[in-house]
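Here's the structure we're looking at; comments come further down.
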Amino acid sequence: ACTSQKAASSGGDSGGKIKIGLVTKTDSNPYFVELRESAKAEADKSGAELIALAGKFDGDNDGQVAALENLVQQGVKAILVTPSNSTGILGAIKQARDKGILVIALDTRTDPESAVDATLATDNTEAGRLEGQYVKAALGDRPPAVIMLDGTPGGTVDQQRHDGFLQGIGLAEGAPQILGAEPTNGDQNKAQQAMENLLQRNSSVNAVYNINEPAARGGQAALQARGLTDGVVVGAIDGGCQGVRDVQAGKYAVTVMQFPKKMAEQGVQAGVEFARTGKKLSGFVNTGAVVITDKPVPGVDSKDTAWGLQNCWG
Amino acid sequence: MATKALNRTSVAEFVLRTPAVGPALALLVAIVAFALTTDTFLRLDNLSLVVQQSLVVGTLALGQTLVILTAGIDLANAATAVLGTLLMAKLVLTGAPAPLALLTGLVVAAGIGAATGGIVTSLRLPPFIVTLGTLTIVTAVSRIYADGQSFPVTDGLLGFLGTRQYLFGQVEVTVGMGVALAMFLVLWYALTRTAWGKHVYAVGNDPEAARLSGIHVRRTVLSVYLVAGIVYGIAAWQALGRVPNADPNAFQTGNLDSITAVVLGGTSLFGGRGSVLGTLVGALIVSVLRSGLTQAGIDSLYQDVATGVLVILAVAVDRFSRRRQR
Amino acid sequence: MATKALNRTSVAEFVLRTPAVGPALALLVAIVAFALTTDTFLRLDNLSLVVQQSLVVGTLALGQTLVILTAGIDLANAATAVLGTLLMAKLVLTGAPAPLALLTGLVVAAGIGAATGGIVTSLRLPPFIVTLGTLTIVTAVSRIYADGQSFPVTDGLLGFLGTRQYLFGQVEVTVGMGVALAMFLVLWYALTRTAWGKHVYAVGNDPEAARLSGIHVRRTVLSVYLVAGIVYGIAAWQALGRVPNADPNAFQTGNLDSITAVVLGGTSLFGGRGSVLGTLVGALIVSVLRSGLTQAGIDSLYQDVATGVLVILAVAVDRFSRRRQR
Amino acid sequence: MTREPVLAARKLVKRYGKVTAIDGADFDLLPGEVLAVVGDNGAGKSSLIKALSGALVPDSGQILVDGNPVRFHGPLDARRAGIETVYQDLALAPAQDIASNLFLGRERRRPGLLGRVFRMLDSGGMRAEAERVLGDLGVRVKSMQQPVETLSGGQRQGVAVARAAAFGTRVVIMDEPTAALGVAEAARVLDLIGRIRDRGLPVVLISHNMPHVFEIADRIHVHRLGKRVALVSPRERTMNEVVGLITGALRMGENGQLEEVSTVARTGLTTRP
Amino acid sequence: MTREPVLAARKLVKRYGKVTAIDGADFDLLPGEVLAVVGDNGAGKSSLIKALSGALVPDSGQILVDGNPVRFHGPLDARRAGIETVYQDLALAPAQDIASNLFLGRERRRPGLLGRVFRMLDSGGMRAEAERVLGDLGVRVKSMQQPVETLSGGQRQGVAVARAAAFGTRVVIMDEPTAALGVAEAARVLDLIGRIRDRGLPVVLISHNMPHVFEIADRIHVHRLGKRVALVSPRERTMNEVVGLITGALRMGENGQLEEVSTVARTGLTTRP
């Protein structure tokens, strides 16, 4: 381990600028783009340099590990990471922390949470629960007939939101009221195709769970094509500006807003602070989840789309 | 020469020599199986949907067929189409007239095809690596250009191929189907009825023989990548008709999916043997499997297991129907 | 015969005939470039990391090389390894002794290889489709087996290949590197110094000539898929050494990545020409590019653009160094 | 003809779709003889010997080795029965070197532990042996490590011939082994065939070269339209008669006499030395 | 020899690594003559004509057409200059049918709009024409739509020869065009060469078949170890002398006399008709 000490100190401040690394799940999801750009902007503001890396796909633990390792070599002072898997990259995180680097998880918790110095994230179970509670309330007396457009099977966020949604709507996993569930990888095309085929099987749907907004858009297109939009309550998570506009336009009833900008900014600030003073951010910081809808329901706190458009990301 | 005229077999002969018969048989088997096991599969609206679902990958696969016939492979086709959708949609959103946006998308796609072909032919590099390179580059460029956004399409021209029509008040067809059919006919004609087509097959079959026969091998290969690029541009337009939203993350498995359609259609990955007709059938097989399995109420994970088995069975049917011919 | 002995050129000749020289040259160029542009790249600990980062894909690529030498292709290799990691990790978590869990993973991977080979040879189906089928099936089975979970690995044996050692107090090596080296040596020996290797090349080079020469073509191909399966099992073990967590979503691009390493290493996708040495070099090229570009402070989006260009350049270097030979 | 044929065939048939390549062909090879098989292009000679060497499975008919019916499922079966063949297409692996091709499918291992346990090939030994057998044939090449695809047409044919000659133990079949060879090299192959016969092995020689056929053959099997139409002795018939049988200008009558069918075709055999 | 050669080469050199396939070769083809090129296997004959037909770019040396230096960058350049070649490896696309192969690279279009605008091929016409030229050569095949890979060795060679014969306008080069042909078919090809000469076109014929060479050639170019070692007339030299030159047993002296180098090699030309 003696070599590693040298590594951290010698390569570290070659350019004088504080270097901060960001590792997201992918480069593709608009949400991660928002994380990247907000972090970049914040780094610029505080005179730091941000190096943004990503896995090749959601679940690319190997790629994320390599990214962490390479950032350590590069001499960064802090690493912000959105782990694809809550346990997958703990070894690499530990190595980074052993070398005195501050590691903060964004968006997704690690398991255990103490594996990182701090976590800045949405409470994804809560976000799912809010989506479920809203849908349940909006359905009123009607018995739910749910289609679930999931993300990546086995993904941490996927599981948390899925479980949260079922809690919120009050259904058990595998309940007959669930007409079908399909993975979409958060891809609009896959979501559309999945929805089309599910509808061919059974079109008596009245509620749709979406892992995120790309999935919601795909599912929505399929519903629209079948003329089924009217009686169906569609929920989503993300709160990107386009998503909020979709809610405003009535394409879906609700989206649960996340605050990636907050995560990125606070993460970068913490990194800069650590580099300057050695002070570490710690613990779980819930960046919040806000229900956005123009059709509020009793029992679920919500904001309207006007508020949403002011606070949305992207 | 030791031959015997057995004229009664000549109809069977003709049928068997048509290269797409094996795949068509596999398709038929799948359709019949789903017709028997589900009561929704054979409905007209479902069949129409199956065709619609195969349009984008089918179009990508048409271009892919050309490339594979020259013993190449194109890993960047879907990425090219995605960049096309982004250009079309974003340009319209930023105020460009729709026809110009459409044209830009098509031209850029064609340009990527031409550049790929240029590198493959002038440096004589393996198409797998070159298109892997363009895949990486084009995907990154798309993401940089989209800047974390996706672009909804409301323009009539861009969404035109999704326009639905009812024939006989029953059969739902889309403009995209017509375009796909037209494109197929043009390529079929070019491959089987023109000198260019003969050259494409010859170049893929034995490049050295083609060269010694005085064929412009490079020019032919280059033209194939160019035409394929144009086809990918049209695939972009098809995609906007299907999903009126340009998303940099779309069609990530489009390259493999299109190669699958081509190979299921009986075209050899070693070049020089195959047909666009087979490719159309191959693309339909994939859609039929996915739709039929869903109708049969099978969960997606088990659908995957079944699809894997059925895809292998489909080529097996093809091979056996061809072996009888020998 | 019209020949002339030009003995002074024979060293150059030998060097040029060694098939991996082109790729090695490309690797060297990349290393020198990064050494000059960054001050961290050439550090011993960084070089060690580069090697560690190439281990899993490199191991997958070794198996892939065997398959590609027979003019096949394996799209299911990474999926097979992932299932292997899941079996190993989940069995240990459910109380099985680690050696048994490890063995199970290896045996299942070998079994998948044997099944693939069996289908390819007995039904004579194109490996692309067969392994596409197994890819779909194995991935689904992995997900069903994992049931939405991933499995952390704490067991010493399963994580053994990740064990670090310092040589001369400076050079960090892992047990996994040793295993990779050993595997490479065994395969290199088997391919170049045994009859089996000659048969593998012959079968890929011209299957009909191999058959007429009395080679058991099917048996040879089958054995290749079996050996490849075992190698993928070892890749699973390597993966647990790198990332002590078995995740059904991991290595989704492992198949393409491994093919890339093989092709960068100078092996022909048409079979019969290539070497495992080239593949090792090819796998290193990819890691070097990723690491070097990061050291240079380039974001992954722009890294992708650069990687695309550099991969194409790397094969171009290879081709040119070989062309001079002719 | 009371001796038992080493290799025989009865009423072989092989169809490719509409084309009947073998149309009820008979075949007999006697011990120790050189049997020439001659016939027009497309007559079905190669198809016949492919059936005899297991490279092609006939649709019907019987193959007999030493009088016993056999079924060859592949070339390996025939090879195991000691039948070694030079195919018209040569059946070489183009990217592999000469020595590898010569020993393809029956590589030699090192003696001792290295060979038995580590299955290490005796590359040096094989290279030396390859050099020797090619030398015998007068096929000169730069190095045994040259890939076959870089050899000239004749050099390649030399490699294929050398392979069959070196390994045949019961029958050696050669499909146009001298087609691409130079005058001196072809003469060496004829010599070689003579030497194989001297070793007691019968040889089947397919050739269009009548002087060669008449120089070396003990009997001539004339193949036409997929079947054997005559079996004659080169000592009893002239080249022109054999050419007549090949082209169909002459016919073998019931009584073993030649009958004229039409005028004899031009043979191209007139020489102007 | 005061006439200007139609096609000539001076000091051509082509190396493959250590192997020098063409080693300072000269070449001259006079108008209207049939020039035979003979030589041992591996002497460099195919390499020479590949250079002359643009299939190979020599490392150094000069090629002249009608006395003017030219540089062929590919076979197409030579073809445009009217030089048509039958390659030893035939250069056919195996999966394509006979008619397609015959017209490969110069397909015929339909007359009128269909051809001009829609570039539609005249498939029927090409098939009929293919049938005619193959018929002329006596190459009989079942159907023009049979893929070339299903043809017998001789049938394939017939297709390649027919192609060159049909399209040559200045020079026709044939690399062992009769190697795989039957007696009657080979005779037809010799006839054809004669007819091409009668049309005023010179022909280069590479062949190992001395009777053929002596029957048809006007002059004989002897190639050895990568270069021309003699240029003789078949009327002035015997087959044995030419074979001696090929093998190096004889040598062309300064004064144009043959000198003995060692004993003459066995030629294999003795016939026993």
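First chain written, first letter: the chains are A, B, C, D and E, and each begins at residue 1.
By our rule, a residue touches a chain if its C-beta (ideal position, glycine included) is under 8 Å from a C-beta of that chain, and two chains touch if they have at least 3 such contacts.
Values in this document were obtained by computation on a predicted structure and should not be read as measured data.
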item	value
Those chains which touch subunit D and also touch subunit B	C, E
Most distant chain from subunit C, judged by the mean position of its C-alpha atoms	E
Furthest chain, CA centroid comparison against subunit D	A
Interchain centroid distance [CA atoms averaged], subunit A/subunit E, Å	72
Distance from the mean Cα position of subunit C to that of subunit B, given in whole angstrom	30
Length of the line joining the C-alpha centres of subunit A and subunit B, rounded to whole Å	34
Whole-Å gap between the CA centroids of subunit A and subunit C	33
Residues of subunit C engaged with two or more neighbouring chains	1, 3, 143, 301, 304
Where subunit D touches two or more other chains at once, by residue number	16, 18-19, 40, 42-43, 89, 140-142, 155
Two or more partner chains touched - positions in subunit A	27, 36, 57, 153
Subunit C contact footprint on subunit A (complex, rising order)	3-4, 7, 11, 14, 19, 27, 36, 49, 51-54, 56-62, 65-67, 69-71, 73-75, 84-92, 152-155, 158-159
Subunit E to subunit B touching residues, read off their complex	55, 74-76, 79, 85, 87, 89-96, 100-101, 104-107, 109, 118-121, 123, 140-142, 155
Residue ranges of subunit C touching subunit B (in the complex, touch as defined)	71, 73, 75, 119, 123-126, 128-130, 132-137, 139-141, 143-144, 256, 259-260, 263-264, 268-270, 301-302, 304-305, 307-309, 311-312, 315-316, 319
Subunit C to subunit A touching residues, read off their complex	39-40, 43-46, 49, 52-53, 56, 143, 146, 148-150, 152, 162, 166, 170, 172, 239, 242-245, 247-253, 287, 290-291, 294-295, 297-301, 303-304
Contact set on subunit B toward subunit E in their complex	1, 3, 189, 193-196, 198-199, 201-202, 205-206, 208-216, 272-273
